[in-house]
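Supplied in structure tokens, the structure appears directly below.
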């Protein structure tokens, strides 16, 4: 983990980086159920899932989001603060054995009128599978200090 | 866990329910770090956090979201499909020892023009702390079958 | 999770309900070993187990019991108190990949002479596998308040 | 872990042994909830528990049983098979921070008429707290081979 | 777990014991990543690993060491203190599904000149796989009280 | 996590870097016991530990090593291979609530006569506590490709 100060002015639209990959295992499914308390059979009952269109257990949306975001957590910017997410969409299901990686790209920035000295930076998170399919997208909104 | 079929027509704006509470423990912090891979010192380094404005470790946003959603996972509606979330905002930080509960309320519904036979239902998730403060809000979008 | 008050008088012999299913994974075996501290090779050593009659790892009895009971934990009755279990029997082994579900049925009730205002209710827990075989049975004894 | 062959004839009524202790932590509570799927607020919601007679979170009965049994899992007897448990009773609640240890004592034995060559041995499990109070008792029934 | 007092004089060079086995599962890989914070793709990304010489995920060295040592933790000697390890070597990789066991052998002992009343005992740990291959070796150094 | 190719020639004696910190929690103690299978009361029995010189539970040596190494796992060097560790020493115990961080420093390098094209690089790992005390040291030996 590295610390790197990036002020509002340092963000350029189009900047992007891609993370390493991580295989989503049956263990992750079980851990996520136990952590979240969501034991819906869509995630944990292989017999029930045989009767559904996908034919197998599908990952919790909150897990794809959590691990997708977690993969990006490699650089600390002490002057940026997470504000929230917009337009999170579950595009394709993630199955046991899929390998995901995340790409983040700066897609918008604007100064915050109500909060002088800060800008709002939007970073699009795209979680993709080894097949090339997109599993999840979400727009991460940061509040970033301006250089003084 | 109960299964209960609710068609698009069964959702009324203003319907709401509140979950039981759950105390967020240091264990949850450590489990979430290990599950997500996000070991930022804001969540895990008590000494570092003494130097920050809050003075203590703060929960991962993805954890407040995951557990907040998990608390609501008590009724399966086999004709509703999670589509995504809009406007997720981290309003107040969650600390070790805080007890959270979730409230969900139907705030919007409309038929899907592009997908006849389905409606779009928006359920607002509000995660509150024992202090009465709001920790997180997010709008959950479902695609729900219409009654035939 | 729902709260529902049921007094002693509300229980009828023969009442029953069945839970959703849950696939017992290798993860559950490993988690249970680490949680209980029981690392017997019957549960964790695939090579050793090849030499046993079943030819594969078998679930801890305490795990089948714990998850079998956990599956039923969906309705809180604030006027019932768990007293203990009688006649717990490990009928058939549970293997990695088996899917279990639980059925509970009220099989007996009687007023408690020594504790006026309370009745003793016996609920039989039966954990079954996807094959239809019974894995575990146990009689759960509750102490339940009478309606006043 | 040691392997030690003990035939039916080797068991004497009154034989007993005591395990090391283990402090039951908040982590164990959270892990057990996630493993069992039982997130009842009696175990996980510190605020709710302040309104109950005990004033604090109490351990799942299945956890006291699981860890109480796990503490005894130090000697493998390849000619003994676990058959089940009788008369499991939750005597006193276990709280976060309590230290438990288990004592097992042979309390009965008899030849199995229906299964020649085997005997039935009953071992009483008593889980005690650092206060000297008994938390749980249960009678473990083994089927043990006779010496030939 | 047993407690057994062994003084410096009780250790003989050549004494050895072997543990039971334990199958290293995908779960252990995921748990170790989450516990250590080491999410290198060599351990967790099955797709990436297909491009490496071994063609599959390989266990963290720290996990083989941790579980290899853990397997030996069955007898407490209250007069011996762990001092450290010398010459730890990762000889062969451990893959998901391998079963390991540990052998420990006393290979050296000498009185500690600087610490009268204590001796230094070296116990070689060898972790082997079901194939007979050695996965890891390390020399554990204990400081042991002399008999008075 | 970043990938950065560093050949043998790129390593200079004296190069060092320090990681972020991580508070070692009771959760880590419990997780490590469950992962390793080492449930010695020195790590898990708070009552027993009150009778020992330190008066409290002390971390498993294998955990301090595992997390200490894990903290450094932020940069992947695809031309370096972990060979083993020398002189690992447990200098000061780690207690629940201590915050550790790791420092690594290149302390030696030499070409490998038996393996042309590779050099042996020794990186000293020092795990320190928030008090400034050293908890663990160990010398990590890498085999690193030479630039061609």
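The chains carry the letters A, B, C, D, E and F, assigned in the order they are written, with residues numbered from 1 in each.
We take it that a residue touches a chain if its C-beta (ideal position, glycine included) is under 8 Å from a C-beta of that chain, and two chains touch if they have at least 3 such contacts.
Please read all numbers here as calculations on a predicted model, not as lab measurements.
Under the contact definition, chain A and chain F share the contacting chains B, C, D, E.
Of all residue numbers used where chain E meets chain F, over half belong to both copies. The two sides are thus made of the same residues.
Rotation angle, chain B onto chain E, C-alpha superposition: 180 degrees, expressed as a multiple of 5. The equivalent interface to A-F, defined as the listed pair sharing over half of its contact pairs by residue number with it, is B-C out of B-E, B-C or A-B.
Spacing of chain A relative to chain D, judged by their CA centroids, is 43 angstrom.
Between the Cα centres of chain A and chain C there is a gap of 37 Å. Along chain E, residues 1, 20, 22, 26-28, 31, 34-35, 37, 39-41, 76 each make contact with two or more other chains.
Interchain contacts join each chain to each other chain, per the touch definition above. Listed in rising order, the residues of chain C touching chain F in the complex are 31, 33-35, 37, 39.
Those residues of chain B that touch chain F in the complex are listed here as 26-27, 29-31, 34, 39-41, 44-48, 57. By the touch criterion stated above, chain D contacts chain C in their complex at residues 1, 22, 28, 31-32, 35-41, 61-63, 65-67, 69-71, 73, 76, 82-90, 138. The touching residues of chain A, when paired with chain E in their complex, are 20-23, 25-28, 31, 97, 99, 130. Only residues 1-3, 19-20, 74, 76 of chain A touch chain F when the two sit together in their complex.
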